[in-house]
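These are the structures, in structure tokens.
Both complexes shown next keep chain A, but they swap its partner, so chain B is in the first and chain C is in the second.
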Partner chain A sequence: MRIVAEHLSYTYQPKSPFATRALDDVSLTIEEGEFFGILGHTGSGKSTFVQHLNGLLRLPPSRKRGKKSPPAPNEPKLLVGEFDLTQKKTDLRALRRRVGMVFQYPEYQLFAETVKEDVAFGLKNFSDKKLTAEETEKAVREALSVVGMEYDEVAEKSPFDLSGGQKRRVAIAGVVVTRPEVLVLDEPAAGLDPLGKREVMELLHRLHSTWCKTVIIVSHDMDEIAENCTRAAVFAEGKVRFCLPPAELFRHAEELTELGLDIPLTAKLCRALERRGVVLDCDFTTEDFIRKTLALMGGKP
Partner chain B sequence: MHAIEMKDVAFSYGEGAFRLNKFNFTVEEGEFVAVLGHNGSGKSTLARLMNGILAADGGEIRVFDTLLTDDTLYDVRRQVGVVFQNPDNQTVASIVEDDIAFGAENVGTPREEIGRRIDFALGAVGMRDLRTAMVARLSGGQKQRVAIAGVLALKPRVMVLDESTAMLDPRGRREIMDVVLRLNREEKITVVLITHFMEEALLADRAVVMNRGEIVMEGTPADIFERHEELVTYNLALPRIGAICKRLQAGGMPVADTLDAEKLAEEIVRCVS
Partner chain C sequence: MKDVAFGQYYPVPSFVHRLDPRLKLLFLIAFIVAIFLASNFYGLAVCAGVLLVAILFSRVPFGKVLRAVRGVVFLILFTAALNVLFYRGETVYWSWGIFQVTEEGLIFSAFLVTRLVLLVTCSSMLTYTTTPVALTDGLESLLTPLKWIRFPVHELALIMSIALRFIPILMDETERIKNAQKARGADFESGGLIKRVRAIVPILIPLLLSAFRRADELGDAMDARCYMGSKNRTKYKKLRFTWRDLLAFFWGAALITGVVLLRVYMGAPV
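Showing the complex of A and B:
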């Protein structure tokens, strides 16, 4: 599912003294198959943007125009695969089945008495027909297995008896159980320890190569973006300031710093080396940085 | 003087989880100690024992020589303030100054004194301009600073931060660390920082690593990171830059260990020229 947004704007609490413009004429295309990063500060509009992708936030109703008159040049447009979210009548249930959304700290949204009920909840909500117990169990089993958990071990446990990292994986299982083609995650690794972080990122790559064609992560962690993403969009004050592969994005260190954003450690090191007259043409992944740095030694022992 | 002294402390959540057994830990007055550990290592339990949110099953906990008992519980809590992880769970009032005053009012601080303490606390966290702002409209970092200010208004001598930056973005995290460092250096408040961000632990005077309810490593942050193979066995990782140093060394480039980007660049240049 290709995602095409054009001229998207959104204002919270419009026509009130608290009106805040969260999105301001945003145009962005995310291709099918990408591992896409969304960056930006608190209040930059990135969450507002992703909440449009499964219809949690809707485009403001477009002004009525006659059937014959041509669309205005700046008419907002939002296509998620074959779903046209500019239309008022969109099958939101079908859309949400295919665009999974994992919020920040999804483990806080666990609620059921057992892990298997919790994971099955989304499935029951979003499926068209009534599922048999066997079908449900099969889907839950597969969803738990794809997030790296053993069904027989955890299915009957209370989700609240699990560790933090496990809870998060169960919460993710509860979203991917409908086999969404697009998976959107807001800060999927936040608040986890280094091991938990690594596990979650590995899990996302596993999902990306199996169930979910497109993975979109919102992140504050520049290293995470540099290591994992095909492209990343930088939001600032409701606009998209950059949309580039990490290898190009993090060459704009000054602009990013001006926006109050960090750059990955590898980019910092490259800049420090450059100031000392050593130019390293690196894509800012740790692997590439190490390879290129070691290559500097040439034939030296 | 010891700010906090835990002697032979025992604690258990019951079956399955780790337990503390004959646990000893001391924090000196004015010290800045970082407590590291993976999720479920017992580091937050430690924080909750220090001011009696959890009661120990055995052993002694002393705060500035006062033994923590049911009778001294409230005195101890005035000395040891805790800031938790989730900014949204720690605010009670809708206006910043009311929220900061809440704790001080609860312990019966005179009205004029409360005004002075709000001034002090807002200044200490750098939020004088937001005195009458609405808490709900603040950023996460600002809310956490309000939580810190609320603790400061009780004039504690020890501040415990239990993963207080985990839910913040990098800017919010820096705001909190700046405030904490300043409180430690200028106001001489003893700080116990519980975290799994290695970069934050670097700022401390001393770091301890917890695993399954035990202290397994202790030393200056640099010492701890020096022993990286050991850290990995406790499910912790080196700061990214430390890991890069090790990788370069393994690849045959003799860079010195450092946790500073500029320094590492210098080292690389030295090795290749």
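Showing the complex of A and C:
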């Protein structure tokens, strides 16, 4: 599913002293098959943007216009696959089945008595017919296995008895169990230790190559973006400032720092080397950086 | 969910916002007393006038004030309907079985409705113009005499301010959990009563858990900073009376006097 957003704006609590403009004329296209990163400071509008993708936030109703008059040049537009979210009548259920959304700290949304029931929650909500116990078990088993958990071990446990990292994986399983084509994750690795972070990122790659065609992650961990994403958009004050592959994005170190964002460790090292006259043309992934450094030093990778 | 904004602080700089919270609390009590003392429409008109001036001076938009009434509109209509149908009077317009619509009944319900609207409006004016912190500070200060009988005034004020502080946080949390479950296909808007009640469970359980977690964390944070209650504790913001408060005080005194005079000289409406 291709995602096309044009001239998207959103204001929280409009017409009140609390009014805050979260999105300001955002245009962005995300192609099918991308591992897309969304960067930005707290309050830059990134979460607001992703909540539009499955219709949790809606576009403000467009002004009525006559049938004859052509659409205004900067009319907001939002297409997610074949779903046109500018239209008031959109089948949100069908949309949400195909665009999975994992919120920040998804473990706080667990509620059922057993892991099995919790993972099956979305499955039951979205299926058009009543599922048999076998069908449910099969789907839950697969979802748990794709997030790296053993069904026979945890299915009957209470989700609240699991460790933090396990809870998060169960919560992710609860979203991917319906096999969404697009998976959106808001800070999927926040609050995890380095090992937990790596596990989550590995799990996302596994999902990307198997179940979900497009993966979109919201993050402010630059290393995470540099390692994993095909492209990344930088949000600041409700606007998109950059939308580039990481290899190009992190050359704009100065602008990013001005926006209060960090750059990946590899980019910092490249800059330090450049100041000493060594130009290292790498794409800022750790692997590429090490390989090029070794090549430069005349060593064998 | 966002419409539960009933009584949420409305931050604009105004005369009323800058009044001493103690005075505003006393003013509210005086106002409620005045509403109940008012025995006819003239008395209520005086109250309404006073309230109108307060609203104008507070710079809270009228729409916002009316929204507070919208929250209890069902209660008001229900009361009015009961009174219209059951009030016994002389001039009968319509009757059917035990129901009877009389002129007196109509007047009396109009009186009651006005009274209820005024009550709701004036109490929401207090919360629109006073931050929760100021409110509990004021309350604590007003209740100080109770300390002599060892009543835990400070603790009570603390409980109140924590409760008030957490309302918006828990509301945000509810919204967040609701969105997360909606993204998993939860449906809160359709189905019969039982289905809807059951649909709340996936929100309620995470919400309760998070409330307990937050309570624990807050308790730990307070312990870590050696919070010991009211003993030897000073305040960051001292409450002081100013000329504004004096003005408002006279305004309130005039209101009470006016209403009492009207009650004495004009009698009951019905």
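Everything below uses one rule, namely that the second predicted complex is superposed on the first by the 298 of 301 C-alpha atoms of A that agree within 3 Å, B and C clash if a C-alpha of one lies under 4 Å from a C-alpha of the other, contacts with A are read in each partner's own complex, and residues count from 1 in each chain.
One rule holds in what follows: contacts are C-beta pairs under 8 Å (C-beta built on N, C-alpha and C of every residue); 3 or more make two chains touch, one makes a residue touch a chain.
Bear in mind the structure is a predicted one, so any value in this text is a computation, not a measurement.
With the two structures aligned on chain A, chain B clashes with chain C. Of the two partner chains placed by the overlay, only chain B lies in contact with A:Ala272; chain C stays clear of it.
In the superposed pair of complexes, A:His41 makes contact with chain B only, with no contact to chain C. Once the two complexes are overlaid on the shared chain, A:Leu192 sits against chain B while remaining clear of chain C.
Within the superposed three-chain model, A:Gly260 lies in touch with chain B and out of touch with chain C [touch as defined at top].
In the superposed model, A:Leu162 makes contact with neither chain B nor chain C. By the touch criterion defined above, A:Gly122 reaches chain C but does not reach chain B. Touch counts on chain A: comparing chain C and chain B, the chain ahead is B.
In the superposition on chain A, A:Ile290 contacts chain B only, with no contact to chain C. Taking the listed stretches 25-33, 187-195 or 223-231 of chain C in turn, the superposition on chain A shows a clash with chain B for 223-231 alone. Shared contact residues of chain A with chain B and chain C: none. Note for the complex: chain C touches chain A at residues 2, 10-12, 176-177, 179-187, 201-202, 204-206, 209-210.
Across the interface of their complex, chain C is touched by residues 13, 17, 51, 54, 56, 93, 96-97, 100-101, 103, 106, 108-112, 121-122, 125-126, 160, 174-175, 178 of chain A. By the touch rule above, chain A contacts chain B in their complex via residues 41-43, 105, 163-165, 190-196, 198, 220, 223, 260-262, 265-266, 268-269, 272-273, 275-278, 286, 289-290, 293-294, 296-298, 300-301. Interface of chain B with chain A (complex): residues 38-40, 85, 139-140, 163, 166-167, 169-172, 196, 198, 235-237, 240-241, 243-244, 247-248, 251-253, 261-262, 264-266, 268-269, 271-272.
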